[in-house]
Amino acid sequence: MKVSKAILGAAIGALLTGSAMADTIKVGIIGPFSGPFALQGKNFQAGVEAYMALNGKSVKGHDIEVIYRDLPAANPAQSRALAQELVVKEKVQYLGGVYFTPDAMAITPLLKQANTPLVIFNAATSAIMTQSPLVVRTSFTTAQTTSPSGKIATERGVKKVISAVSDYGPGVDAEAAFKKAFEAAGGQVVEAIRMPLNTTDFSPIMQRVRDSGAEAVFAFLPSGPTTLGFVKAYNETGLKQAGIKFFAPGDLTQESDLPALGDGAVGLLTTFHYAVSHDSPENKKFVEAATKAVGGADQLSFPSVGAYDGMHVIYKMIEATDGKQDAQKAVDAVKGLSWTSPRGPVSIDAETRHITENIYLREVVKGPDGKTYNKEIQTFPNQKDPGLATQ
Amino acid sequence: MQTVLSIAIDAFAYGMALFIICIGLSLTMGLMRVVNLAHGAFAMIAGYIASYAARDLGLGYAAAIFLAIVGTVVISIPLERLLYRRIYGRPELTQVLMTIGITFCVIGITNYFFGPTLKTIPLPGSLSQPVDVGFKTIAAHRLFVMACGVVVAGGLWYLIEKTDFGIKLRATVDNAAMADALGVRTQVVYAVSFAIAIGLAALGGVVGAEFLPIEPYYALRYMVTFLVVVSVGGAGSIPGAVAACLLLGAVDTTGRYLMPEFGNFFFYAAVIAIVCVFPRGFFGRAQ
Amino acid sequence: MQVVAQAQRVPAPSSVGNRWLRDAIGLALIVAAGLAGYWLFPDNLALLTRVIAVALLVLSLDLITGYCGVASLGQASLFGAGAYAAGIACVNGVTEPLTLIVIGAVAGAAAGLLMGTIMLRAHGLAQLVLSIAIVQLFHEAANKASAYTGGSDGLAGLTVSPLFGLFEFDLWGQTAYLFGLALLVVVFVVLKFIVSSPFGMLCRGIKQDPIRIRAMGSFVFPVLLKMFVISGAVAGMGGALAAISTQVVGLDSVSFELSANALVMLVLGGLGSLYGALVGTVIFMGFEHIVSAINPFHWMTMVGALLIAVVLAAPGGLSGVLETITRSARRSKGGRP
Amino acid sequence: MSDLFRVEGLTKNFGGLAVSRNISLSMPAGERLALIGPNGAGKTTFVNLVTGQIRPSAGRVVLAGEDVTGLGAVRRVRKGLVRTFQVTRLFSELTPEEHVTLTVLQREGKARRILSRFTGHSDVAGEVEGILSTLGLLDVARRRVGEIAYGQQRLLEIGIALALRPKVLLLDEPAAGVPSSDTPRIEQALERLPPSLAVLMIEHDMDLVFRFARRVVVLAAGEIIFEGLPSEVAADDRVREAYLGNYAHARSVA
């Protein structure tokens, strides 16, 4: 309901006042607010609202107004249409959000003409950053969150790993990043399986894992039913009992999926940039505010922190430009910016405009209340995106 | 050999889960001539009811299944009265439009009430343990699903071939006007078969939830799979549905084992091949 | 006209003349609506361009579903073939927009030939299932061939040169929209000719009774296949237009979802009428856009309710309602609508 | 080879059941032949065999000296072997004029042109008008077929067949279902058929048969049991036997 009010407000505001209210700066957020990924969009909104609740709704006297636009699934044509509408019709000075890579790709060609920076809250493919100098990203890349698992696996005495990823962009990225890191650390990927994206019955895959003779499985799948099916199959086919270890980026054990995964997830090791359980005063404040915004404690997960820090970057941009629309100046102002995020210390790499952050190794454990959560057990500080660093 | 057996048993379990969900759709499409794309939506409703019953009310698994079936059928009755009756005998595409509309509404409403997260139906301890069947470890609920599939197939066969109701049903399907003239109350037959179809969807949604997890987009995500399986088997045919589910389950499972990177290719190539050879499905009735 | 001139004894009025007049009015209405969109919603041109691209897809579906009776839930394979062909050509240096449209049309036509060859082997439900299988295979293929298509990340980096060397495809989307509108009008006129040509009549005959058409001495398969190729070309142009205007091609352009949406829009607007295809597309996408802007969380319920309401209130689709009205107005004249 | 059309030993078995047994008959140009027989005699199967809708188990179909047995239905139509249907197969949304125009265009090989106009070919229009006027359909030429009388629809069936310029025409019960008040119009149309055309008519209405046919063939249980002049039919013992076995039709024969 808040969303509709914001939009109505925006529409009425635009109609009534036009340029008279020059001191209201509009920010357009595109995300999946409906459809199968609605939860991620809700988390965007929660992150944004949490930031505004904690840091006020104005910068240097400029009121900030956020306009949300719904993009339920990866659909570049619709993404471009929404971005264009936000820029041309709603006159937003900043674009933010974007969950899927192709949607971001569709927006980047517009930015220069629109004189608008795009702050990506999620879309996690390295290549987006090279499409336009006006893109800043506050989330992560799959390569960035994956790479430490290579070292972790060897440290735990694992020499042979089978990788099983969903056959789509992020899956392929994860497979490549893990292989590179693991082989650099002296391990061997005995087999790399790419699985159909829409499968939910993974027992044949588990049979392959078993037959491969690997000591551990590295996995990457989209959140939701696929992850649930995979983890279930891992437990039910007895791989867990057989001592075959499980490594994955933290997308697999995101907090909103944990209740469904239940006890089956206990013991899984994942690497990620953020856990809701992260122990810091910044995070406590954030979780409190964001939980209020998202509506339920078990619905809060990583996209919210990307959105929270994204808003931080946008606030800093507004501060630097003092309300004037100058995309390049705004982006330049946040290059090298560093601050303490709910996820820990972070900074914007001046070169790549991508976030540099800690990656944590987490284990799923059962808390005193009987609920499972991601417990951070090891920190890999100041990780850059290896995908961009090589370019 | 061990691997072949493992794959076979996985394929069988998956095929049976598909069968339980799809056979209801096969009945509606074959017997009542309604392309009910909202079939998955009913399975999903059942899944939500079962999840609510088991997690929030703390009922047992059996009670949850029972409640889900009854609840879904009860929900379906007004829908049948108000909406489905208007599309019996109408062109297929009109039925598609209506049932997609129903699916959208169900998804939207479910999302509103239950939120967008995954819902699980906790299994009783006896079903959640891995069982060692000699050549591999298999989850007990998979055995349960297989058993359910066999019972459903057998029960339906008995109902249709051996009971009074079955005779009336077959007569109505062959020639509704003639059956009507012979004193069969075809409206009642339709209503009862619709209820049976929905009940089966509900059962399938709940016991198949371990294969096809319950979430708001369940109804759309698996809509195609259900439709394909039913058409390949031949709408309205129980042996056809069994054959299609087992064969496609086997192709899918084996494909995923042998060449997972081409998993969907196998499935849909098999569908094209089968449909080209058997344009009416395995056991489809002549038009 | 000559029929009328010679057949003096025919008492019915000249429906031929009426038909031309009506088509001219219809076309003028489309152009007027298109230009009205341009003036009234200058800030939503990207959305309107997308509507045009989808309208081409729905028109192409109408050709095989509405005019030939071949229902398809896989029409996006043709759309996607055009989009990817244009996209790949563009990335490899062919940047002239009209050329890209032609490339899209050719690719779509080729895909139509392939799809028709497979789908026409079956009938009814089996045919529908074949179409689903085909679009899923196209989708898989596009995902697999990520070296060419960008896979699930999408094919980005399309830089289209200015139209006629003058008009750039820019942020405001005026060029893209007017270009799309012109394309739509041209396609519409050509299709209007095609559906009222002898070939179009033959197709409508096949839709109603293929046995009768055979007894008239015409094969059915090649006629339908030809329509599939035409349909593919139209859908391919839609895809190419989407690629040009968005500068990205995503996997959604070969998805089952897009195919299903197209069929829904077509049935919503009314089968077997080119106007129906346009009306259905505009209403569905407009409704979706408005509702999802008002309430992103519940638009699906509303769209579902719209579909149900249409089935209950206007079984022949929305254009069917219009037709009933116009027909009852012209009932005494005995003209064929 | 004086016969325009000939079938030799045509046989069709469905499973073990023979529905057509060794049927042979021939027709010269200008022939007016009636094929009669009780229900279930295999008349429609015979038409389907001749026109190529179904394949014979044995036997040949010869048209103008050419063996067409291996050809499909469409090619036989193009060679001049044309049929009408027992139950009208028309397009309810189209007008009679459009039906005949489409047929003429199809015959001329112009029906698959995508950018030519449907109307406006003066020669075609003239021919269409000629056909419709012969059949007395001009005043309904622009009405939708769904709205015109059944008798007129039957006439249109014949019109479509004529538009194909057949050499051999098979009329499958042209008067079936037509109210008796309309049968004279059908009769009239049949009388006006081009004289050179070989016509084979299947019909139940014996009045029509006697007026139309110069020769009658009786089919029973898939076999020809009688071939001769109309005046001789009623007197034939085998025919009587075949029909009396089926009492309902006995009176119309007698």
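Residue numbering begins at 1 within each chain, and the chains themselves are lettered A, B, C and D in the order written.
Methods note: a contact is a pair of C-beta atoms (placed from the backbone, for glycine too) under 8 Å apart; a residue touches a chain by one contact, two chains touch by 3 or more.
The structure displayed is predicted, hence computed values, not measured ones.
**Q** Averaging each chain's C-alpha atoms to get its centre, pick out the one most distant from chain A.
**A** D
**Q** Please compute the C-alpha centroid of chain B, do the same for chain C, then give the distance between them in whole Å.
**A** 34
**Q** Could you grab the centroid distance between chain A and chain D? Build each centroid from C-alpha atoms only and quote it in angstrom.
**A** Centre-to-centre distance between chain A and chain D: 74 Å.
**Q** Centroid of chain B to centroid of chain D, CA atoms only: how many Å?
**A** 50
**Q** Please tell me the distance, in whole Å, between the geometric centres of chain C and chain D computed from their C-alpha atoms.
**A** 41
**Q** For chain B, what residues touch not just one other chain but two or more?
**A** Residue numbers touching two or more other chains: 111, 261, 264.
**Q** So which bits of chain D are touching at least two other chains?
**A** none
**Q** Residues of chain A that contact two or more other chains, please.
**A** Residues 34-35, 38, 167.
**Q** Tell me, which pairs of chains are in touch?
**A** By the stated definition, chains touch in these pairs: A-B, A-C, B-C, C-D.
**Q** Under the touch definition given earlier, write down the residues of chain B that touch chain C in their complex.
**A** 29, 35, 83, 86-87, 90, 92-94, 96-98, 100-109, 111-112, 224, 227-228, 231-232, 235, 261-262, 264-265, 268-269, 271-272, 275-276, 279-281, 287
**Q** Show which residues of chain D lie in contact with chain C when the two form their complex.
**A** Listed in rising order, the residues are 51, 73-74, 77-78, 82-83, 85, 89-95, 97-98, 102-103, 105-107, 110-122, 125-126, 128-129, 133, 138-139, 141-144, 160, 164.
**Q** Which of the residues in chain C come into contact with chain B in the complex?
**A** Residues 65, 71, 118, 121-126, 128-130, 132-134, 136-137, 140, 144, 256, 260, 263-264, 267-268, 271, 297-308, 310-312, 315 of chain C touch chain B in their complex.
**Q** Can you tell me which positions in chain C touch chain D when the two form their complex?
**A** Chain C reaches chain D through residues 1-3, 6-7, 9-12, 15-16, 190, 193-194, 196-202, 204-205, 208-209, 211-212, 214-219, 222-223, 226, 230, 334-336.
**Q** What residues on chain C touch chain A, complex-wise?
**A** For this pair, the touching residues of chain C are 42-47, 49-50, 53, 143-144, 146, 150-154, 156-157, 159, 170-173, 242, 245-253, 257, 292-300.
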